[in-house]
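Below: a set of structures, written as structure tokens.
In the two assemblies presented below, chain A is common to both, partnered first by chain B and then by chain C.
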Partner chain A sequence: MNDNMKKYLEVFETMFQVDEAKAKTLNYQDVVAWDSIGHMDLIATLEDTFDIEMETNDIIDFSSFAKGVEILRKYGIDLGE
Partner chain B sequence: MTYDEILNLEPFAIGREEKRRLMTAGLSELTRHHQQQCSLYGRMLDTIGYQESAVKELEDMPFLPVRLFKELELKSIPQEDVFKVMTSSGTSGQQVSRIFLDRETAGNQQKTLVRIFESMTGAKRMPMIIVDCPSVVKNRAMFSARGAGILGFSMFGRKRIYALDDDMHLQLDAVRAFIDEHAGERIFLFGFTFMIWQHFYRALKESGVHLDLRNAVLVHGGGWKKLEQEAVSPEEFRSALREVTGIPRVVNYYGMVEQTGCIYMECEAGHLHASTYSDVIVRRGNDFSPAAIGEKGILQVVSLLPHSYPGHSMLTEDEGVLLGEDDCPCGRKGKYFKVLGRLKNAELRGCSDTYAARF
Partner chain C sequence: MFHWNGRGDRPALLTEKDVWSYERLTEEADGIAAHVGRRCLVFLLTKNVPEAIAGYVGFLSHGIVPVMVDAALDAELLAELVVRYRPSFIWTPQARKAEFVGAEGAFSLGDYVLLDRRETAPFPLAEELALLMTTSGSTGSPKLVRQSYANLEANTASIIEYLHITPEERAITNLPLHYVYGLSILNTYLTAGASLVVTEKSFFSREFWRLMREQRVTSLGGVPYTYAMLKRLRFFQMDLPALRTLTQAGGKLDPELHAAFAEDCAQKGRRFFVMYGAAEATARMGYLPAELACAKVGSMGKAIPGGRFELLDDAGKIVTEAGRIGELVYYGDNVTMGYATSGKDLSRGDERQGRYVTGDLAQFDADGIYTIVGRKKRFLKIFGKRTNLEEVEHILRRWLAETGSSAEVACAGVDDHLYVFVTDGAMAGKVVPYLSSKLGLHFSAFAAKFIPALPKSASGKTLYRELEQYYDV
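Then we have the complex of A and B:
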């Protein structure tokens, strides 16, 4: 697991109060905290963590932990395998 | 055409004939879908003797009074697909609309808002000042149309600050610091019309403070009723804000929870525009026939978006007037119009108006 993945996981674990295994399979709305409010907080935190600025369509498409890995790659953030 | 294909069309570039074809075909298809999937809606169409083959023009499409969404549970999806239920704002004692969304319709609402907003104000996300209090989105149990509106527009903000505290006092120092921190960047202010007037403009005016927002855009919506009573016109609203902040662009929008996403935004010429994805029809109050350009009537809104609930064609409780089609000085195609306010005896609704009712 590379450093970026560690940081990415930590954001999910902290924000949504889930363990690593659960975080990795998490979808939007799976937990109460990841609702539309939690979503905007998640995006803001990831933007700060990785110092990037996402496009609106990527914010909308960010529908799961796995999808997020794909989207972050577009911004040059490599999260490994 | 799928909704994704429709969304790929430019938001303000389709002329009258093509738009009418697109709308009539899309709405007929949606009507058929809702007729099959929502039994209450199907029964209403049976009652009025609706026949798809009788629809020759866009204006022939059947429409529901928007009030029905308060009285009935209208949805075209099975209960297990309900992803979110949106409710309208209402003063206490009023019934609220309930709009049932599945994932697809909810996603399309956001994508549609992005297309319209970015076309009107530019695609870059901006530092955002929300002229409201943080508690309006913090309390998940009391999540209202007001909170949903703020969250929907929050996508366009990169770094956000709430300008008011939970007692609705302007946080002048924090706002100033935010503006300084983002000096040289274009700032996006968002709020509901009355909140901006009462808690932002007035607070600045009374304290004699000038904020430097020369490089900002303000987007506001949610109803004019209270300001109308105070005889504040849109022009005065704009010039008053310019006086205390120097803000060059103030953009009003018209929209409702029953057709979230398909908002109507004001162009540089101060006209509300219908996008490719929705349309307005002005109807005469006495017989509901379509009104001419320049003639006052009741606004009907149609939209190609609503798939999970039969809200694709609704008669609002607002009065308006069509100003023209395809020939706005701003260069955008499509209808442009003006909202004149609520029909007499209609309930007070709208995020701004229901809040203002307490003053």
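Then we have the complex of A and C:
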């Protein structure tokens, strides 16, 4: 696991109060905390963490942990694996 | 309200798959009302679907009085409201039908069903009473605002006038109908003969933005939190050529956001209206004319057509000097009749006589433009929803008692950040999940802090000011 992945996981774990295993399979609205407001907080935190600015469609399409890995790659953030 | 003629097949409601003309809306509305058949109280469980809107239009145009309730309201809180107000009928999505034990299905339309509660002891209704709105969407507060037909007509006409809503305009239902701001959009666009795109989709779906573009939505409204989200969603870069008007209400917009949206709108030739209102004034009391949006950042403007503001100082005298702070008082035909806290209040007449003391502290500048600077009453806006701190304390006290805790609790905070102070360390950790689920509001709005004892005055009153030192924001 590289540093970026560690940071990415940590954001999910703190924001949605889930463990690593659960975080990795998490989808939008799986937990109460990941609603539209939680989503905005997630995006803002990830943008700050990785110093990027995402486009509207990427923010909307960011529907799961796994999908997020793909999207972040587009912004040059390598999460390994 | 809603006695329109000669609009025929002009579109009233547009959904993803369907168009409801004014003629069809009228027919469906009349059909629902006919199954009620008399003036009585109805609970309308709101979702942003044409069936809910048809129910509302039918009830209002046939003298049936709806209580607008969020269809997502907690079951226990909804049951308490039913006991307290004894509605004769419920117009509800099928999914919540089972909660109304003993009620019979009288009629259905789409996903909505009309339930007859066979109420044998309904409360009498005052003649001018048109509609009841909750003051707080999520605490399930039993306190309702009593709005008259004259209130609705006055406020609707005034809003249409200052926003210049023409039949060519098109709004979208991104705000709920149990919320006065959302409902005022419905009232004004339908009365003006314009159309509404009806959707339950949120900003976080491609479908919403596809609808905005394909249906050429001309007007978008939002609460402060909506604007924070829009900015993060890169709204400034979106291509929405039909969009001409943005409106904001539901609490004071952060001045930075106000400036950013005012400037972006000015560049794109759009109008941006910052507005001010309350359920107690039907919906709207003030607005900042779009041409002043850039020059008067942080201000909410002046009274709407037909209304008037006044500021009162601590001694109750009228403030005449610019820059001095006083409590904002509003006068107008849209000032509602008063509150109801139980069914027996529904027969009461007009208790406000066109004057509403807002509880907001404000000042005006040399141009007569008003700015809200604070609040006298103990409530917060959480994501645009008014949340009464005393009601939250009440909910928490009951919960603490049920769990066998004798802890004391106090709520305080600023908009979008509610702090709960509790004198039981073990319970402090459970407060946030409980409140978040009970009120249906995202947990990030709440923080719970353990405090050995609440700060109290000599007379035993909680000193909320002294709790401010514990805020993190």
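To be clear about the criterion, the second predicted complex is superposed on the first by the 81 of 81 C-alpha atoms of A that agree within 3 Å, B and C clash if a C-alpha of one lies under 4 Å from a C-alpha of the other, contacts with A are read in each partner's own complex, and residues count from 1 in each chain.
As a convention for this text, a residue touches a chain if its C-beta (ideal position, glycine included) is under 8 Å from a C-beta of that chain, and two chains touch if they have at least 3 such contacts.
Please read all numbers here as calculations on a predicted model, not as lab measurements.
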First, second, both or neither for A:Asn57, with chain B first and chain C second: both
First (chain B), second (chain C), both or neither touched by A:Ser36: both
First, second, both or neither for A:Ala66, with chain B first and chain C second: neither
Which superposed partner A:Met1 touches (first chain B, second chain C, both, neither): neither
On chain A, positions contacted by chain B and by chain C: 32, 35-37, 40, 44, 53-57, 59-60
Sites on chain A touched by chain B in the complex: 29, 32, 35-37, 40, 44, 47, 53-57, 59-60
Touching residues on chain C, where the partner in the complex is chain A: 202-206, 209, 225, 228-229, 232-235, 237-238, 383, 436-437, 442-444
Complex interface listing, chain A residues touching chain C: 32-33, 35-41, 43-44, 53-57, 59-61
Footprint of chain A on chain B - complex, ascending: 83-84, 107, 110-111, 114, 118, 123, 125, 137-138, 140, 148, 151, 154-156, 158-160
